[in-house]
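What follows is a set of structures for review.
Here subunit A shows up in two complexes: once beside subunit B, once beside subunit C.
Moving on, here comes the complex of A and B:
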């Protein structure tokens, strides 16, 4: 068998969509979800002794590491449990409870800090793949694990974080980390689609929530090496739309600055990123197109020829 | 003149105990060289200025209580990493050319067979060129590169201008096709490169990168006329010389706004080459782009971001080849299907690109803020790195010497979100991630 694998879980813990999920039919309560996720984590750890796991959480406006806990916590030994399982169960549940308790009143429209959780997860994976030199140079360092990220998404895309999110995708590509997405609700997430497509991960919308654990073990348990021989569900359609820099709107036809490639949803006189002024001719051209009614609906206004 | 390699230097070089210490010295000497161009004589030492930068490394390495060099070595490694990033991320420039066109001119004269670099200049150049091309296309996904070889007094086209890294890499794969011979000709090769970049649009950059091992050039006419033509055509020439500095080469680079460097050794050669990977910053107010911006020649391009169909989709005819196939991209404006992106839609003429392609270069425009080294603790800091959650060392490591940009506590703080990160994460955030984990 090849090198061990590391699994990094990212949980979107935003309260509002979780509340909605627990009242939908069939209901999926956070507690039930966490229990199933724990079974999945244990299954991953049980596959191989050297396998490891880390869990990151995203709340509105902030992100944190949930497991492994920052300080060393002693878990009481229990003869009936494999001690690694015990550690994960205890440590993970304790930090989730802590974070949920600490939760204050949040405004509804603050998006979860998925980018923060993703960057932390990537930094953690980078640390694992570049371990500090061993204290005894004669020992061979353990082989760096194959890593992958599994993201549980319950809220729609945050187009404000388009550029940082894309940067995360490219870093994951560089680290050869696959990003899997498990979509628990029905909202639209085109950037997560792109993440899965570009990193070679699986995108699975959960249609029957009562069978969550089965989805998890069938689609996400296999490591990246094994997946080459398996049929892992990939996306049928990938939407390559982007978010514009000016209004953070998601556009399918954009206006792009030829110098710095900034995307705008409507013709502008000056690029807000690199301060390049555009020639009046081009603007006029787009302006005329608007008059003729050929252009996309986003491109109305702003240009007065 | 470049720093001369005299006997003293070579001896100290060979007896260096640590590789990383070597790196250190190269970097230091480079700083001196760029400032004083290696010419200034050190007053206090009565020797060349660069000699002052060659510290006696065996004096600075100190054993710890257990008699181990581990800590000292780790400290040196960390320091050389820090220094490397300190030179690469300064203040962010306002404007960078994102769409780049580069002609890669490789010297294939007999001078490249010299063995002063291991295994030989030629072999080393080939392997570095391959790494350079991969890295260059990674950072400049919309760039194009062509390859010209200089041998037997002529410029030889090895690879046409292409946006596909595989095409360019192929040029450097077959060693037997590139066997060095004869004399190089700068003028012939530059003229050839210039001719192949003539048709390029104004909003892209035109660059020539020359790897020059020879000390001579065989030209049919006046090389300076060619340089004039390059200045006129706004072609930026950068040269990495492997032997010594030639006045005409330095002038060429200075006049066209490029970079000139002489490689001292293998590591320095690579550093010089890879400094040319990020897009050149346009800081000068009289630059071509700024002038263009004033004249309003830059354009706003309308682009469409398609939907990709998978291999399992029902097959349909594409508009570009009229072939029946499953995969393809749907034009967002007219809903016709094209085979590949980037392309112009055959039906409505919209430029169709994949948005991740554009997004790959955005980190040049919005870099992560440079972290500041934390020099003093006030007792309220977090105990672990904000990114990777590894605890910081509790005892401050006594620095071997006061070093700028190094934190004795191993903490580096983001000026925006005020979180602390350790050295490893600092490097990763700025080299790869380009997003601050605290701000994101």
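Moving on, here comes the complex of A and C:
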């Protein structure tokens, strides 16, 4: 008896990238996207009676849970719709509408809080995996579901959030949650590559945006165990570069503090994370580099060969 | 004699020492020269044994006091070697002869061993007197340093033995003459230091309880081998036996009789370390002498104090459990179950014996190593106790021990706090992203954008019901995904294996190139310097470890030459691949990172040369 499966969606709801997407070729409007996402969710729920879903949204600067809705809402039953579908669709869309309504202005500089949404989703999954003991002690507790996260990405990486993002990835590994990524636009997302690779999920960049549903059902609908038998298309080449801690730029070759393993693009006198002072002899060995934070620059001269 | 001298060459050699000796059961004389060993049978003109000593590898002596006095020599090309027995009529003179031979041969053998470690190839500086010509030391090297260098070579040999891949690399590079011995070891001094440190550790005493087990020999006799070591250990472990020995031997009985009767006596069986009663078939005969030393079994609630004279052991007052006993006497209760030693009375003597043994061991090892530290503490305590004992009990004497500085309320606790300088770096709420390429929107445009966005989310039902995916796009998507899967499958298909010989050739090329790169960068990059002048200039000021500037330049040049040759080697391998049935592109791709590194190194080298000239 396999255990039920829980799907957690993370949507990026910032206005600016969606606006760009709706003007690109082939265009994808938010409306169509939401419709296809709803069909996908319904398909997931239809696979099995005990399957569950949760949706999180990321807006500029904040993240929130969209389904199950925070407050309790009354849903009127529509006779023509399967009640589970109706409940989920209605609850989800209503939350989306509310959140988007509350947007006051287009904040262009603030990146979407994807990492916040990811963290909240992981916490929710953790809560699901450790259910409280049932009120009737003779009953066996229901088996915890297998969970996976599907992240829809429309904007490039926020390298500011490198460290928290890596922490999320590690906790997802611990929880055995696979992170799948569906890339709707063409920007560079190195961290999401790494997330998929490290957690065993699939990374799929979408080229035919009108057939989004085709991609979703082919790659993301199957559960984690079933994927071992199916061949899910995913991106093989992963760029494992990291971002330096001082400028948040991606570095190829850098300098690593031997105490806390934080990465710098240039040699520094003192590590900014753990305040370890590095010895000046070591820095001299690195030759003609200007030391970070060193007030009077002295050139080290040419090193004798 | 004349034939011998002619055979040995034009130089007149005097024998260092000679002695009558037996070889192959034949009487004769053994002669030792500076370079050779000769044995001549009595009455036979030609010497039967005439070997050069440059291949002598080891020497063995028979035991002191065991007759006949033997000496055995083995050689690198003759493992069996030669065995001689010194046959002087007086055993002491035979011993003297052997000692003189040994004294002459030992430095020779040591020198040979040291030369074995240095590579036999040409052009190896730094190794002392290579195999030929043990009489001529390297000019300028004082005699004392040969011993040091010998020790150094011992270290190198043991490091190589411990790390087989390193030994393979050493064999490949050094013994073929491409790299010198000193160069090889220059970057690896940490390995040598670690090896020396581990060799200098001494093993402590064995901690097993002395318990000689009788072995049943044939015929049903019980046999115990009494070695001097065993006797020493028994006396240490059981001083009673020592006392018995001192008092009774050689007066009452002989030594062998003593041991015989001891092992049969009740004293021995009492001291055994197991509670198993001894084999029921042996009767324990009461022995008049040994039974005098029997102590009553140690199974009373409190252990019998073991110190000589029976004086009460000094226990630190802070740890003395019996200090307040006088307060509890009148209770009339037996001691609580937790205060009673042991669960069964029969076990007590055994446990107490173990405790005494451990205590003795700890005292002995502390006495050897930590005497200074223990003594200082002990003296202080003892002095204090004496003052307290003789005079009145002064509580202030113990303040140093019971006051713990950590518990005193200090205002600033010392310790390095892991302050994170920019905690905002680690939280997601930091909104500082610099986006250079944003289209500047007027406020009107942004509100319009927002409004459109919000409209998109309303009224989902109609769009949901009218959702119809584009068929052509769907098929196209399916095709592209299937091809991705197919490509991934093909890439992961396991390739046919490369034949092992060819693979070995590839790996040796790679490891050799790695070693050259290592040496090159070691010569080019600034070395760890001892006293850097803080102005940042290490030209002239500050001592630099290792080689001088010119030597480094030479070494860098040499390595650059080798690295340039690597490219040709790789090309040769690729050409060879065709013949072996391996895809040459695969081989080239395998060497791509190595070539990248080599190119980088060569570029740096040529830049430096250009800058210098």
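Please note the rule applied: the second predicted complex is superposed on the first by the 285 of 305 C-alpha atoms of A that agree within 3 Å, B and C clash if a C-alpha of one lies under 4 Å from a C-alpha of the other, contacts with A are read in each partner's own complex, and residues count from 1 in each chain.
We take it that a residue touches a chain if its C-beta (ideal position, glycine included) is under 8 Å from a C-beta of that chain, and two chains touch if they have at least 3 such contacts.
Since the structure is predicted, the reported quantities are computational estimates derived from the model, not experimental observations.
Residue contacts after overlaying the shared chain place A:197 against subunit B, while subunit C stays out of touching range. Contacts of A:84 after superposition on the shared chain: neither subunit B nor subunit C is touched. Of the two partner chains placed by the overlay, subunit B and subunit C both lie in contact with A:275.
Within the superposed three-chain model, A:47 lies out of touch with both subunit B and subunit C [touch as defined at top].
In the superposition on chain A, A:169 makes contact with subunit B only, while subunit C stays out of contact range.
In the superposition on chain A, A:122 contacts subunit B only, with no contact to subunit C. Of the two partner chains, subunit B and subunit C are each touched by A:161. In the superposed model, A:284 makes contact with subunit C only, not with subunit B.
Contact with subunit C, but none with subunit B, is seen for A:211 once the two complexes are overlaid on the shared chain. Applying the stated touch rule to the two superposed structures, the overlap between the subunit B and subunit C interfaces on subunit A comprises residues 113, 115-116, 161, 163-164, 234, 236, 273-275, 280. Remark: subunit C residues 416, 418-422, 425-433, 435, 438, 441, 446-447, 449-450, 452-454, 456-458, 460, 463-464, 467, 469-470, 473-474, 476-478, 480-482, 484-485, 488-489, 491, 523-526, 528-529, 532, 534-539, 549, 552-553, 556, 608, 611-612 touch subunit A in the complex.
Touching subunit C in their complex are the following residues of subunit A: 15-16, 18-19, 26, 29-32, 34-36, 38-39, 61, 89, 93, 96-97, 100-101, 103, 105-106, 108-111, 113, 115-116, 158, 160-161, 163-164, 204, 206-215, 218-219, 231-234, 236, 245, 272-275, 280-281, 284-285, 287, 298-305.
Residues 70, 74, 94-99, 138, 142, 201, 203, 289, 293-310, 312-313, 329, 332-333, 350, 354-356, 358-363, 365-366, 383-391, 424-425, 428-429, 432-438, 440 of subunit B touch subunit A in their complex.
Against subunit B, the residues of subunit A that register as touching in their complex are 65, 68, 70-71, 113, 115-116, 118-120, 122-124, 126-127, 130, 133, 135, 137, 161-164, 166-171, 174-175, 194, 197-198, 234-242, 251-264, 267-268, 271, 273-280, 282-283, 286, 296.
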